[in-house]
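Please go over the structures that come below.
The same chain A turns up in both complexes below, where it pairs with chain B and then with chain C.
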Partner chain A sequence: MKKVAPTAVSAVLPSVPHRAARPYLPQRPDFKLDLAGRHARGNFWRLAFMLATIGTIVFLATLVLTIVDDAFGYVVMVNEVDPASLARDGVRLEDQSAEQLRLTLEEQLSPRRARALERESPLAERPAADLHELVLVELVKPNIAATYGLIESIFERGRIVAESQTAFPGSVLSFRSWINWRFMSTSQTARPLTTGVLTAFTGTLLTILITIVVAFPLGIAAAVWLEEYAVDNRLNRFIQLNIYNLAGVPSIIYGMLGLAVFVRGLEPITSGALFGAGSGGDVANGRTILSAGLTLALLILPVIIINGQEALRAIPGSLRHSSLAVGATKWQTVWSHLLPASLDRILTGTVLAVSRAIGETAPLVVIGASTFLTQDPTGIFSKFTTLPMQIYQWTSRPQPEFRHIAAAAILVLLGLMLSLNAFAIITRNKLRKNRRSA
Partner chain B sequence: MKFLTKKRPAAGPLEFATTMDGATTRGGADAGSVEAGAALEARQLNIFYGDFCAVHDLSIAFERRKVTALIGPSGCGKSTALRAFNRMNELIRGVRTEGEVLFHGVNTYDPAVDPVQVRRWIGMVFQKPNPFSKSIYENIAWGARINGYSGDFDELVESSLKQVALWDEVKDKLKDSAYALSGGQQQRLCIARAVALKPEILLMDEPTSALDPLSTAKIEALLDELKKRYTIIIVTHNMQQAGRVSDRTAFMLLGDLVEYADTKELFLNPRDERTENYISGRFG
Partner chain C sequence: MHTKVQAHYPEERQRRISFRRRLRPAELLIQSFLFFCAAVSILTTLGIVLVLGRESFAFFGEVSLKQFFGGTVWQPTIGLFGIWPLLNATLMTSLTAMLVALPIGLAVAIYLAEYASEKVRETLKPILEVLAGVPTIVYGYFALTVVTPLLRRVFGADTVEVYNTLSAGLVMGILILPLISSMCEDALSAVPRGLREAAYAMGATKLETSVRIIVPAAFSGIASAFILGLSRAVGETMIVALAAGAGSNFTFNPFRAAETMTGHIVRISGGDISYDSMDYRSLFAIALVLFLVTLFLNILSRAIVKKYREVYE
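== the complex of A and B ==
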């Protein structure tokens, strides 16, 4: 830069003192620079954007914290029968042999209950650990007297200990993780201590599997047709417009559609009667996992189509031209170039859509998901409940324990979603890497 | 008739189902006359974008194994005309083409002609290098494979890359992505990709406009070699380039073919005043 003579600079510089501490550059009188004002406005918006981000994070953190707070914490257990009274030959309950435990059970159980247990598996053949568990469940019958959240459990331990001893003499205070392996691996029961999430988890997995298997290929196929093959005429524009509108239709409407079409209209198929399934005592009448999966597939189909179209549209025209210029047919171009190039975007959109489907409750209520189901689904023609349905059902129970159970189920649902997303992101990154290096 | 007697004496490159039985109707008489004259000929070609006529009544014949340059100011229709020669205009919405483009005596716009087949014989190189997102090897082999090439692919890749003087630079990294190459190398790869189909004609749409001078010089040198085997039609906005590489030059203006002559003739003794104004830099 040329050095400006000092006289020339002072001629151009305004005589108004500038606030900025930075060294001056020449200014022109016919340009009002107003740096301070412009930067102030810029900083205001920067602050606003930052606050919005922080606000969002605070909201999300509060949500997660509330759930975690409910999912762990102290519980006060009161036993119906004092385990000390079950000591035999001076041996504490925990240390008793299988023979001693069996005798206790035979003496104290009602004959009916004993017969029922015997039918499940003969008591004499059960191992000691199993029998010990039985004694606890059948005779000691621990009940939850009070529960505490994680935060108070950590910070107000002293108060909780004192409170539980005064209010429930003889009670046992223990720290409980409501989400645990037992909870994950048992079917639903009516009691909060023994209930499990497996029924709903299996239902969600099977439903989502059907949704993906149906919606993904159908959606991509429709996207390819609309984007690459369909000519620009009135009919196709009408179809396109309707797909956009369908993406915004409330999900409960899809539930009505699913009820009319899949549950009622196609009952022979969705109930499995056509395939000889579901003819046992447990008839679902079309209110099956298959119906639910198909309904959710319909729900996310428009989203997948639109997303697929956008993914294809994002591919530069030069790729199509280069392929066609070497004598490729349209199909060869689509299959060898367009789909591989757009697969990562397609996958991202599909995962977002599937995540939405996992969390859907309303359409499933309409098509008749069971609210209380103790039997795990065995196939696509079974009755079902899903995680969000189960969470809804648990949160609406009056007993406070179910709040903790619901929190644990929410964690399971979040975990399922996160692992699905992680799987998709890893796959996508792998695809991107392959495309760049191969 | 050398070309036609190579493999299947009865039929020209654009075989119709009707000529498969050995009849010589199309391949014979017509193709013979074409062999004597033009490699490609446009007759009364009109191209419209909606109502706008981008190319007007273009009749031009391209000589075999020569480089023909299409020059003219922006928007004169030279690229549109070029794309018409292998029916690439059909990929652009709202383009309508009238008239004939004759290749081996066959009108490529005949409804019976599949554009896929046209493009297989008339290759194209674009303004910006656009290799496939595949390996260098696959970039060349893919086009041949989908068109049912039955020969040795390694050999084909090697010979194609040698024709564009790229073999020595990439022979050790054929499995690498084509995107790892420089812009100039990518453009030569694109030429190799077109050459791999053993076409007759190469259409080039401003092939060096996105490249640096050194890469441009390499590609220009390449054209001299390639024209021994292929008929080349090149669109360029660079008159010096047209002067350097082409044997024949066509000057277009506002959709009309103004003048078409030997390059030297056109640049030294332009017949039309508009040509003179353009090449002397008075507009453009």
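== the complex of A and C ==
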């Protein structure tokens, strides 16, 4: 295609000699054919367009790399108490039995701290691994002196080793994966070394569960109404227009709506007081998982409706007509033919919307997700925090170690979203295969 | 015609079957339920308008509109509620974002629609979708931990503050880029093939065809993408909350910290706030302005497409 333009002009001109006296091309002085220059410009911009595209991919790679870089790397730890001094009967700390560890703890802990730990779970019943961990946290008290990223840790190992030796004498250098099983399975604590995402993870799952339970049926029902039932009148056009506008409303506005309606207005319901729940000293007022889930449901409702409409629109009219022709009612047609036939598309759209809800932070800050919460949520009337909230909290801390756990939490969040999408794709393919074989 | 309904089939004549329209209460019930679900969207809009309106009304009972839209200081502690510092910061971050997103987004769209082969396009589009699916909080993290330190190294730590609107704006531009590029690509692909072929036949190069023929033909789509992107940028929250800074500041310097409207709402509502205080109500007044601005932009975006779209046969 590219070559056609120049040859067409240059080939035609000389091959028609009798026309040479009356040239085709305008002879104004500012008209220049300048093919070489035009092609040079064309190639330059072609390169520029390509670079812009490559640039966006490079950016995505940088984003992922930054997160991975922050989630792993060397850590320099300085212990407040030398673990060697905690040896008992000549046995090193690592090899001590539960009994020995318990004695050490009872001797060295302050009475108040010991009582607090005893209340959580009696020391005598804890296994040795737990007690060992406890000795490390409570007595050895390792503090982070410096942290490094993954790339530094791989390529500049020698420098890091030398630096940690000179700057922090007596320090321990170890490679740490900030995202690890412990991080996944412990509740939130104030210290970056011992904290975990279980509280936030549970919060996210419960919130999303409510969002799906509310938004999915409501959204699909609305889509069915608009596509299959609604006649073209002013009211239905208004509803449609309104849905398009709602899809463009900033998420923070939904947060304000949730704050005023769910948290304040419907407090007896959302706090669970009406059902006699949540009164066990843990006063959440309306700032509960239920409020958050409902707010997010309103937020993704327009997206689900629009996707659902597109899914229904993609079904050929013959399916409707043949169902109606054999005497099915409208609802029978919708329920037994249209919904099953569009299920794969509906599913894909819903997963997209739910992914958006999982990553949403702003409305949850506004309706009052807890910033620090050591208790895992127990039900829909609990106070809560979610993964994005946790990332927000940790990122806004100035200390570098919080940056590392923020990166680890981001990996957890992205992993959750990725697995949800993978699940949707697998289910969709299965549905399509079933339909083809049927 | 007979006045009586004529029975054509023996079964019907014997009253064993009827083809007449029956009243089906269950169908009606389902139908009204479906309508109710669709009407929830109207209730949502009504809820937003009522909530924002009521609290703002109480707010404007104490602060005059002139003070609100004329003041250049936002200091709720001493009773100064001038929205300009917040509005200005919002405009600065949004415009920075558009300066990044529009040229790059359009370039990506032109590449995908005009230059890239089918295979390349099919690989690149999902990547852009991934970029669009990353939660905004992750972008905020990136702005604060990567872009800001980079800016400080390039321009000097003395000129660039730890929190600044430039960093937030740049990253926001990348956030909006996939939206713009996919909308522009749709607009460019919708231009009929005949226009391209006519341009080539006249001897235009590929670049000339793309830039002088296709882009102008798709102008309405591109303009609406731009406006929708702007609306998205104005309402974007977490990036500015993390990277643009806390505390209102009326400045035109992109290297300095300034709080946007959304950033202010998040910071104040994230703390302990008592209901029915002026602080609480001022948030709703800001949210009302935000709502109206984004609504206006969204409607404008759709109106442009509707009015200026070139209709091809």
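To be clear about the criterion, the second predicted complex is superposed on the first by the 361 of 438 C-alpha atoms of A that agree within 3 Å, B and C clash if a C-alpha of one lies under 4 Å from a C-alpha of the other, contacts with A are read in each partner's own complex, and residues count from 1 in each chain.
The rule we apply is simple: contacts are C-beta pairs under 8 Å (C-beta built on N, C-alpha and C of every residue); 3 or more make two chains touch, one makes a residue touch a chain.
Since we're looking at a predicted model, the values are computed, not measured.
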{"item": "Contacts of A:60 with chain B and chain C, given as first, second, both or neither", "value": "second"}
{"item": "Touched partner set for A:318, first chain B, second chain C, both or neither", "value": "first"}
{"item": "Which superposed partner A:101 touches (first chain B, second chain C, both, neither)", "value": "neither"}
{"item": "Which of chain B and chain C A:42 touches, first, second, both or neither", "value": "second"}
{"item": "Superposed model, chain A: greater residue contact from chain B or chain C", "value": "C"}
{"item": "First (chain B), second (chain C), both or neither touched by A:150", "value": "neither"}
{"item": "Touched partner set for A:329, first chain B, second chain C, both or neither", "value": "both"}
{"item": "Partner chain(s) touched by A:256 [first = chain B, second = chain C, both, neither]", "value": "second"}
{"item": "Touched partner set for A:215, first chain B, second chain C, both or neither", "value": "neither"}
{"item": "Chain B versus chain C as contact partner of A:358, first or second or both or neither", "value": "second"}
{"item": "Residues of chain A contacting chain B in one complex and chain C in the other", "value": "329"}
{"item": "Of all residues in chain C, those that touch chain A in their complex", "value": "24, 26-27, 30-31, 33-35, 37-42, 44-45, 47-48, 51-52, 55, 103-104, 107-108, 110-112, 115-116, 124, 127-128, 130-131, 133-138, 140-142, 144-146, 174, 177-178, 181, 200-201, 203-208, 211, 228, 231, 234-238, 241-242, 262, 265-266, 269-270, 275, 283-284, 287, 290-291, 294-295, 297-299, 302"}
{"item": "Partner chain A, residues of chain B touching it in the complex", "value": "86, 88, 91, 93, 116-117, 119-120, 123-124, 126, 128, 130-135, 142-143, 146-147, 175-177, 179, 190, 193-194, 196-197"}
{"item": "Residues of chain A that touch chain B when the two form their complex", "value": "232, 316-329, 332, 336-337, 340-341, 435-438"}
{"item": "Of chain A, residues touching chain C in the complex", "value": "1-2, 4-6, 8-9, 38-39, 41-42, 45-46, 48-50, 52-53, 55-57, 59-60, 62-63, 66-67, 70, 217-219, 221-222, 224-226, 229-230, 236, 238-239, 242-246, 248-257, 259-261, 264, 298, 301-302, 305, 329-331, 352, 355-356, 358-362, 365-366, 368, 371, 388, 391-392, 395-396, 403, 406-407, 410, 413-414, 417"}
